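My structure is below; once you've seen it, I'll send some questions.
So that you can tell them apart, the chains are marked A, B, C and D in the order they are listed, and the count of residues begins at 1 in each.
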Amino acid sequence: MKLRLAMIGGGQGAFIGSIHRMAAALDGLYELTAGAFSSDAEKSRATGVLLGLPTERVYGSYQELIAQEQQRPEAERVQVIAIVTPNHLHFEPARLALESGFHVILDKPMTFNLAEAKQLRQVAASSSRKLCLTHTYTGYPMVKEARQLIAAGTLGPIRKVYVEYPQGWLSGFVEGSDNKQAAWRTDPSRSGVAGAMGDIGTHAFNLLEYVSGLQVEKLCADINVVVPGRRLDDDGAVLLKLSGGASGVLVATQVAAGEENNIRIRAYGDQGGLEWQQADANTLLVRWLDRPAEIRRTGTGYVSSFAQHNARTPAGHPEGYLEAFANLYRNFALTLQADMAGQPAPPEALDYPGLEEGIRGMAFIENVIASGLSVTKWTEFTV
Amino acid sequence: MKLRLAMIGGGQGAFIGSIHRMAAALDGLYELTAGAFSSDAEKSRATGVLLGLPTERVYGSYQELIAQEQQRPEAERVQVIAIVTPNHLHFEPARLALESGFHVILDKPMTFNLAEAKQLRQVAASSSRKLCLTHTYTGYPMVKEARQLIAAGTLGPIRKVYVEYPQGWLSGFVEGSDNKQAAWRTDPSRSGVAGAMGDIGTHAFNLLEYVSGLQVEKLCADINVVVPGRRLDDDGAVLLKLSGGASGVLVATQVAAGEENNIRIRAYGDQGGLEWQQADANTLLVRWLDRPAEIRRTGTGYVSSFAQHNARTPAGHPEGYLEAFANLYRNFALTLQADMAGQPAPPEALDYPGLEEGIRGMAFIENVIASGLSVTKWTEFTV
Amino acid sequence: MKLRLAMIGGGQGAFIGSIHRMAAALDGLYELTAGAFSSDAEKSRATGVLLGLPTERVYGSYQELIAQEQQRPEAERVQVIAIVTPNHLHFEPARLALESGFHVILDKPMTFNLAEAKQLRQVAASSSRKLCLTHTYTGYPMVKEARQLIAAGTLGPIRKVYVEYPQGWLSGFVEGSDNKQAAWRTDPSRSGVAGAMGDIGTHAFNLLEYVSGLQVEKLCADINVVVPGRRLDDDGAVLLKLSGGASGVLVATQVAAGEENNIRIRAYGDQGGLEWQQADANTLLVRWLDRPAEIRRTGTGYVSSFAQHNARTPAGHPEGYLEAFANLYRNFALTLQADMAGQPAPPEALDYPGLEEGIRGMAFIENVIASGLSVTKWTEFTV
Amino acid sequence: MKLRLAMIGGGQGAFIGSIHRMAAALDGLYELTAGAFSSDAEKSRATGVLLGLPTERVYGSYQELIAQEQQRPEAERVQVIAIVTPNHLHFEPARLALESGFHVILDKPMTFNLAEAKQLRQVAASSSRKLCLTHTYTGYPMVKEARQLIAAGTLGPIRKVYVEYPQGWLSGFVEGSDNKQAAWRTDPSRSGVAGAMGDIGTHAFNLLEYVSGLQVEKLCADINVVVPGRRLDDDGAVLLKLSGGASGVLVATQVAAGEENNIRIRAYGDQGGLEWQQADANTLLVRWLDRPAEIRRTGTGYVSSFAQHNARTPAGHPEGYLEAFANLYRNFALTLQADMAGQPAPPEALDYPGLEEGIRGMAFIENVIASGLSVTKWTEFTV
């Protein structure tokens, strides 16, 4: 049986809402059943019509959605709520949903600030409901492969990690014209204390900790507002001290004119290194000290069970961003279904980002901005 | 409202059935409503259960499916039937479906032989129903872009086209072990007169004619059975004479050990040339005589309306095989919906492969095998 | 002691003369000592001055050069003569040089026609002098590696070989304007019976036979004159039957607008395949049936002795066309020096193209043009 | 007439000496005439024999070389001295050479410390002799093109520059075994205060300032000794503040296991960005805000006069590290020849690294090590 899914946010003009809907649809594990797509009831309804939802399942606010769905019979009631609103509207709907007995899929960064994130963890803990945070890039099969290779010690102890996420779409003052995406992402009242660091820096940070299996312990950030008039950072570079004595560099910028969404990670142990980038997402390059580098590929028989589990097509038929996103939805669904069946979920299904990743992401935002303002070189990473 | 979709074939162990289901699901334009997933009623039912279909919509044969769906009230009856069986089981279900008032989505190659293909065209003509043939690669946004660039004359008159589709999965005699995919594809009674040329040669041929806008007029083929014991060709190379005085080369092989699904096309006019390959599907490389080559990318603002219409994510978030496949489903749905609404479908929606492409594909198979057997250099391409 | 080198041809406006001079200079194994750089004595002298040669060693014709050098004392006399004239001026100087006791480095294709090539072999046989033919691409370290891998059987028996050499510089009728290179290469009286097939097809052919270790046994060619008014072929594609039951495709074109000198080879055995292209010359990609592809690189410690012998810099510092060219000069010099010392040359030094490769190249030209004119599919490759 | 060249250092077992000799030889502009290849007279002589030098021009020390060459008649005396010794042996020979009337080609980094570098500038100023510093990477044609594009304002004002130089060869404690290159480069008494930062960080720094046309004004460095027992840094990452309000990141590491010599630079203005890396040295990728990225290539007709001047072969025939190195030698020779002829050298010839680049490089070493030790975030870049 498909899981019944509701969506909060994701009306017309939104970017990430349709991504979530396609990700939910791809594997046939969810049925979009209800939604509060906008705080403007009229707009919410219009989106509902386009999506073919019955009018009684389209709500004018998230409060209404949660309240009314809660009163429906269990066999009909939605089971999972996806929240795809701007950052300042993450916490309240997520809290209410969890407290009201719904599982939650939440867009990143988890909340508006770290305090909210910690509070949400408490709410979740007492709710027995689960939360999935959509850090897309860890859904890629070859990112899974990278993590498994390192976890297995194949490269030796990791010494150095480089992660970067260059974009160019905020090279000009586009928030000055009619660009809804730019508008809220550069607005401190909706985005939080960080711009680029919150929007894409958290992705880079999550990718780094996920792949390397290490944690950031200290950081030293250069945080910039490059475009005149912008109210939040649009560029930054961060030196990192990692657990186990490793070090790293994180770069996130939205003013690298001409760059698309070129997120990339490299990690090196004493025996070899690996490299993955979204632009060639189905390839994991593994270099060795004294033998030829190798090209690991999605859809092959020799990759780890985690990489295989997260692929859908034979090698050479590329899988992309939507498939990576869908992997988060799928693994969350498989976990919930296992729970419902009273069975343990397989480790491959459990491998989706959740509350802990969300809290560390929010801590990253606060620490990196603090470091950017500091005249001292190293700032302790505190949570 | 979603289109109600039935599927014929695509039970467990099948490859392409799940691809069709994901492609149909991605955009929320179809609802999988019924199916005859296997000629073994028990297996069909088991697949239906897995897919969450009500048992009364899961049938033990395609005849049963068509007969019973036809008797359902119009508002409930399936509207489109996807046929994903081996080649020898394309024609009969497709004919019956069209004659019974259903639209058809059909896996390629269209039929078992050319005669069937022509007959199917006649059936379709008198049925007022439509047929979409899933030549996946023409669904890629950058393949659309390639076609549009050439059609606009940007490269000058096309002189030379190279297309190739190397695979390696049939390098050994895998049909001797338990490989269902290999078994039917190398079996003349299920695959037809051609192996590699039918399975992937037709894709290469379709891609060549689609992108270049030219037609094959003569061919000269070297057709080989490389692996001992194999009953159909697993390798071939073809010299081509194209309309307008151009020439080309088509390569299709399944014994290029280590190759995945590396389909690639290059076309050259007198002003420049273009190159696309599935391994880097979101890039179209355009070379010019006397200025820098350019890299056109999916999801950007500067590509043609056809390329934009067939993309879902911002530039840099890669789209892949499933998205290309889904574009066929989507364009077919948009065309049917426009028909139902009594409106003209936009040219971007109408741009999906159908009967004519299917007939030319079947003609390719017969001509290329004939040429392979001929001692004369050039064989006329006859339809 | 450096070998004393004379050059015939290579005056101002020539392309390949300066390439030969740089290749000869790179390793300090040759000293350019004399030259007949043009059949116009004035121009020859001007080039000699530019190159810093004493006037008495600059001659007005190759006959004069050979005659006068022969009369110099042995310790002063040139030892090797490089011939870098257009094709119709290869045979006579080469013959005379060999007969007069000089070793010869000869640009490809070896002669104007096959008969001359065979005659030259006879001349060489009775002269005890050696000849090196500058098929540049077999000088690349990773091409050496490719040959060694295949020779060692690592990929299994070779079944399929694809070789291609696309250029775009003759996309227009450039021989109509002041382009000396285009002029002679498209002139039957200077180039021979073939244009593209002689100029670059022979390179592709040589690369194929060198890397695969196989010989072409039959061919089927589509030979075209694409640009109106051109007097020799500027485009062709050839199906090949190779020794040992393998088959292949050879493509050579000079009208692929926008292409540079994109020579590429792929070969597949039953265990894996390899790919090399000049555009990424320091990489040899090796694919395997069931494990990750590997990237072999120039300058590493794991490559064969042949690849190591032909490299000069540590891995990652790219070596290019001039280094590949210089490898021919270097290996020829090492062979001659070993001869002079009465010692056997190591196999790595002996691995340079010579008379046999030249004869097969000339046979390729004649056979491929004959096949292009034939209405029968397969033409036997005769020498 | 060729310039008469002497070499100090570069005996057997040295790496860079043979690179210098090939670079000097390639274009026929220098004649290696004399040398003091080792401080061990016996070894020096052995190298001289191998190189075919007359014994009277092979010296047992640099002092001897300079003293004796100075006494030779001008027409015979060497004119340029290349110094290819370890860092601690740069200053004295360079000083003596300049004071004794010889031009100098000096390997980088210029001296053992900044004080020596400044002193050398004074010596040079009063000597009327010239110095070329072999920062190889600025010799690449596409690096020239990058600088010219930025200087012309094509990308808009530069805001962000990333430069990185990852190597892996010092991943283990190789200086503990018999590796002469590793031994001196990790020895403070021969290398100076920095290891990786001096050896390759200076290259990255030079490339950044050369391409961007900006200067480093402040830096914040994380400098590490990764391999236990090593005496100098083998890894570092540096945040940079650049002139004109730009910022950047510089990474240099010798413990990125599996990396070769993967130096890469990216720079972004408000209109576009560019990317160059040694691994694909003949390509300059230029990205734009709202149009396709373009691929600029060595050897084409559309690149700047600086890029054209520094190339030797037609597009598609790759040029590599030795050609880039040779460009430094060639431009220095052209400058000296123009001086000798009393003519102004063209700007393309004058574009080689010299004293100013050397001083800034030495300042980089001292500043970056100081910053690495500092607890304050930003260190002023002082010279």
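Here is the rule we use: a contact is a pair of C-beta atoms (placed from the backbone, for glycine too) under 8 Å apart; a residue touches a chain by one contact, two chains touch by 3 or more.
Here the structure is a predicted model, which means the values were calculated and not measured.
S.K.: Does B-D or A-B have the larger number of C-beta pairs in contact?
M.R.: Result of the comparison of B-D and A-B: A-B.
S.K.: Approximately how many whole Å separate the CA-defined centres of chain A and chain B?
M.R.: So the centre of chain A lies 34 Å away from the centre of chain B.
S.K.: At what distance in angstrom does the C-alpha mean of chain D lie from that of chain A?
M.R.: 43
S.K.: From the C-alpha centre of chain B to that of chain D, how far is it in Å?
M.R.: Taking the mean C-alpha position of each chain, the two centres sit 55 Å apart.
S.K.: Which parts of chain B, given as residue numbers and ranges, touch two or more other chains?
M.R.: 259, 286, 293, 297
S.K.: Which of line, ring, star, complete and other names the graph you get from chains that touch?
M.R.: Its topology is that of a complete graph.
S.K.: Which chain A residues qualify as touching chain C in the complex?
M.R.: Residue positions touching the partner: 286, 290-297, 300-302.
S.K.: In the complex formed with chain C, which residues of chain D make contact?
M.R.: It comes out as residues 1-2, 15, 18-19, 21-22, 25-28, 32, 51-52, 167, 169, 259-262, 278-282, 297, 299, 312-323.
S.K.: Going by the contact rule set out above, which residues of chain A touch chain D in the complex?
M.R.: Chain A residues touching chain D: 155-156, 159-160, 162, 164, 166, 168, 171-172, 220, 222, 224, 226, 235, 237, 239, 241, 247, 249, 251, 253, 255-259, 266, 268-273, 286-289, 293, 374-378.
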